[in-house]
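Both complexes below contain subunit A, partnered by subunit B and then by subunit C.
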Partner chain A sequence: MPDISEYVFLDKNKLDFFVSKLNTRQRVVAPVRKGVKSYAFAEVPSAKDISWKYIPTILPPKKYFMPQYETIQKFDKSKRTWETVVSSEPIVILGVHTCDLAGIEFLNAMMSSAPCDAHYRNRKANITLIGIECLDYCDGSASCAVMKNELPHGGYDLFMTEMKQGFISHVGSDRGRNIASDSRIFTPAKPEHIRELEELRARKKDIFKPEINVSHEELKNLFSQSFESNMWREEMEKRCVSCGNCTNVCPTCYCFDLRDELDLSLTTGERQRVWDSCQNETFAKVASGENFRKKKGLRQRHRYMRKFYYPVEKHGLYGCTGCGRCTRTCMAKISLKETINKLAEEQQNSKEPVLNQ
Partner chain B sequence: MNRQVLIDSPYEVKAGMIFQTRKMTEFEKYFQIVLPGSEDLGHEPGQFVMISIPGVGEVPISVSSSPTQKGFFELVVRSAGMVTAALHRLEAGDTVGIRGPYGKGFPYRAMQGSDLLFIGGGCGNIPLRSLIHYALDCRSRYGKIHILVGCKSPEMMLFVDELSTWSERPDINLDQTVDQGGPGWKGKVGLITKLIPPLAIEPEKTFAVVVGPPIMYKFVIQELLKKNIPSGQIILSMERHMKCGVGKCGHCQIGPHYCCQDGPVFTYEEIRYNHEAI
Partner chain C sequence: MTKPRVAFFDFACCEGCQLQVANMGETLLDVLQAIDVVEFREVMSEKSDDYDVAIVEGSITTPHAVERIKEIRRKASVLIAYGSCATIGGVNGMKNNFNLDDIRGSVYGEQARYFETIPTRAIHQVVLVDYFVNGCPVYIPEFVKVLKSALSGIPYRVPDHAVCVECKLNENECMYDKGITCLGPVTKAGCNSWCVNNGNICYGCRGMVTNPAVDGQKDILEKHKIPLAWVENKMNMYNKACEPDREARLNVEKR
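Moving on to the complex of A and B:
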């Protein structure tokens, strides 16, 4: 039985008031519709602008933690000085799916592992996260159940679940407690709310089932034994076009480039951190001309290993949240679920002769 | 939007003053760099720094001086890309940005009491020099010292004066070769791998330290294994594209390893089964 004191209730007719109240203190961003099937986190002056039922946004909320272009240093050539800077402002991200909460948790772990990235840390300290529970699959590209992200596992300040009369909200932090303590908006949760939440979660168990033929626990081993698979040198080599879409939209991809931009005075300028992609041909190329990941297929192998093998070995975390963005955005229609199923099948086939002996 | 000055950013640079420069070959230039207040860099042999020119960019460069050398440190830079070309245009009195040292250097403590076999190819001789100098400055801590040096042609040979001094020392066995000879070259011609079989070494008490281009590792390691040097005593320094130096940007990954943090120095044992290493 969940601890009822950790829950508050938000009546549906108070939603507008809640969003405008949040807006009085800081910028509020939430999913808004951009096209027929596309959504983006953007500023929402009122609750009416929010698309509560949405499939994962084009870009994940990582853009607020680590913007695509970020000034990390200002320099002055004439004075021979460097100043390391961070620009950030308080912001509330409202309506974050559990897959994206998991993505942020992953980024937190990577960026705070020594040495801590102070730029990321400072932005993160200014961000309030309010999650929303998914009651059904976004679409067939998602694989959140096998990645165990169909249910919340923390990493939020407040987590809302839509029910008949309103939203039952779990308080996940002191910051969340401050928001929830506004009695004009939230009321204490009642036992019947908790019951309804439990029924809803029980129904979810029938909806969310492992989407691939490999279990959560077996995924790491599957990949650790798939380095020499034909998948990379043949299929991926032929199909992938190295556009880098998959890494840009990935909630756990954080590879970057550092670039100097001189302004028109040619004296002052800034060093920027810019998103980069391991799928770009020059990503692992050194100045002598040697390219340590020259083949497209091997660059894809690297991407998959960074989701399903390396971070599991090193940090005990999968780098895939199951959001399905890479599949949705792929120009070559490479599907993550199909790739994994094929690898599993390939490995099964290679094992069979041994079993038959 | 609040702009705030950070004091604990891993990307913070110090102003390094170029104290002396010297052209070494057509492509390589030597830099002696002094940090503010002549502060020591505090590096270990085999580590690298990120050096930057504001407005141009930042690159990783191996330190080629030994930590026993106080007050300044030395870099030897090959002009290969945009930043290194710009570095070549700088002279004494110019300022560069320095951060680091970064990475895991050579295991110079574990090597104490052992014989050392240094094998350097081309640019690889630059980081190797930091350890050679360290071993020579602490000569009594190490056993026999063999140094094998190779490069493409005689005019590309680095540290020629030092090599000639070392070749005269009775406590150093030095051998050199070039891939292609040239006018005035009286030494050996051929690949560096050829210098390994004739060596008289005791494999169990020898550490082989190999630094060179990727192709060299493949063949040199085979020769060292034939000599029965244990794979944990074959030390390699790997080159990769690096942007951050602190294990974040992803460019330098060799399989699960970040070359900038877990390396650049690895034992052959550590990376022999890594699909992306050699």
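Moving on to the complex of A and C:
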């Protein structure tokens, strides 16, 4: 039985007031419609601008923790000085799905393991996260259940679940407690709210089932044994066009490039960090002209290993949240779920007992 | 410190890139603080034979142009090719789809024999080029970046990954999601996905990435029921003059 004192209730007709109240103190960003069938996190002046039901946004909320283009240093050649620039502003990210909360948790772990990334840490310190629960699948590309991210596991300040009359909200931090303490907006949760939440979660158990033919626990082994699979040198080599979309939209990718930009004075300038991708042709190209990962298929292998093998070995964490973005955005329609199922089938076939011994 | 003397030249082109530079707005004032423009047909009448940096627009399409670009190369310590015509041959490359005499005839009629002509060449196919600013027209922030690199003597590398990369960083909805074909996946980035940001498709004006995924692309076209010929046509529009470069590269790789 959940501890009722950790929950508060937000009536549906107070939603507007809630968002405008948040807006008085800091920028509020939430999912909004973008184009024909996409969504993006963007500033929302009021609750009516928010798309509460949405498939994962084109870019994950990572862009607020580690912007696509970020000035991290300024320099002056004539004075031979370098100065670190750490900037951040208070932001509330409202309406974050559990898969994306997991993505942020993963980034937090990567960015705070030594050497800690000061730029990331400073932005993070100013970000308030308010999650929202998915009561059904966003679409068929998702694999959040097998990654165990269809339910919240912390990493938020407040987590809202929509019910008939309003949102039951779990307080996840002191900052969340502070928001929830506004009695004009939130009321203490009642036992019937908790009951309704438990019913919703029970129903979810029937909806969210492992989406692939490999268990959470087996995924790592599958990938450790698939290094030499034909999947990479043949299928991926043929199909992938190295557009980089799969990594650029991934909530757990954090590779970046550093670019020094001079001003026209040619003496002062700044160092920018820009998202980079292991799928880009020149990612592994070095000064001599040698390219350590010239093959598209081997670049894809690297991406998959960075999700399902390397970080599990090193940090005990999967680098995939199951958000499905890579599948949705792939120019070549390469599906993460299909890739995994095919690898599993391959492994299965190679293990078939050899008869006539 | 004396400012570097910079001259702008044009060959076969529409002069759109010069216009782009002349129209750059406030940044132009900063640029003019850094350089001394000694020749620029679009905006001034003065001419000069004494320059450090030559910024060249247009493709090489006649024997006369070959001589002229060689002369410019001899005088300039730094040569910047800018615009698709200069960097990849651009739309002028379409000439290479035809027999030269037919082309000459259709353009100059009876006078054709007075006009010598050669297949379209990008500048680097004729003389050494130090810096490239791809694009039709050039994307001004990149032009300025290259100029700064040239003035401070550091290299500038044209990105060799897809326009999609910048398009995603700009969080555009993909044209294919709207049912529209876009050349972003095979085109070199560096323009900040300028066209897509403004609601257009990518026309491939910066030229093809060096290692385009031919099989994968065909797959995509099939899935979207787009005829291959249509895309080839589109790619031809800007990339035709680059064929010798591609063949040379493939030969090197084979060795």
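In the analysis below, the second predicted complex is superposed on the first by the 352 of 357 C-alpha atoms of A that agree within 3 Å, B and C clash if a C-alpha of one lies under 4 Å from a C-alpha of the other, contacts with A are read in each partner's own complex, and residues count from 1 in each chain.
As a working rule, a residue touches a chain if its C-beta (ideal position, glycine included) is under 8 Å from a C-beta of that chain, and two chains touch if they have at least 3 such contacts.
Since the model is a prediction, treat every value here as computed from it, not as a measurement.
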**OP:** Quick one: classify A:Asn248 as touching subunit B (first), subunit C (second), both or neither.
**Re:** second
Original post:
Which of the two partners, first being subunit B and second being subunit C, lies in contact with A:Ser113: first, second, both, or neither?
Top reply: first
Original post:
Touching A:Leu262, do we find subunit B (first), subunit C (second), both, or neither?
Top reply: both
Subject >> In the superposition, subunit B vs subunit C on subunit A residues touched >> reply: B
**OP:** Look at A:His170 in the shared chain and tell me whether it touches subunit B only, subunit C only, both, or neither; answer first, second, both or neither.
**Re:** neither
**OP:** Could you look at A:His193 and tell me whether it touches subunit B, subunit C, both or neither (first, second, both, neither)?
**Re:** neither
**OP:** Please work out whether A:Lys333 is in contact with subunit B alone, subunit C alone, both, or neither, and reply first, second, both or neither.
**Re:** second
Original post:
Of the two partner chains, subunit B (first) and subunit C (second), which one does A:Glu281 touch, if any: first, second, both, or neither?
Top reply: second
**OP:** Name the contact category of A:His97: first (subunit B only), second (subunit C only), both, or neither.
**Re:** neither
Original post:
Considering each complex separately, which residues of subunit A are in contact with subunit B in the first and with subunit C in the second?
Top reply: 262, 266
Original post:
Considering the complex alone, what residue numbers of subunit B touch subunit A?
Top reply: 1-13, 15, 52, 54-59, 80-81, 84, 95, 97, 213-214, 239-241, 243-244, 246-256, 275-276
**OP:** Please name which positions on subunit A make contact with subunit B in the complex.
**Re:** 72-73, 75-77, 80-89, 110-111, 113, 115-119, 122, 227-228, 254-260, 262, 266, 269, 271, 276, 278, 283-288, 290, 292-293, 302, 305-306, 309-310, 313-314
**OP:** Would you pull the subunit C residues touching subunit A in the complex into a rising list?
**Re:** 27, 30-31, 33-34, 144-145, 148, 151-152, 157, 159-162, 164-165, 168-174, 176-178, 184-186, 209-213, 215-217, 219-220, 223
Original post:
How about subunit A: which of its residues touch subunit C in the complex?
Top reply: 34-38, 40, 58-59, 63, 68-69, 238-245, 248-249, 261-262, 264-266, 274-275, 277, 279-282, 294, 296, 329, 331-333
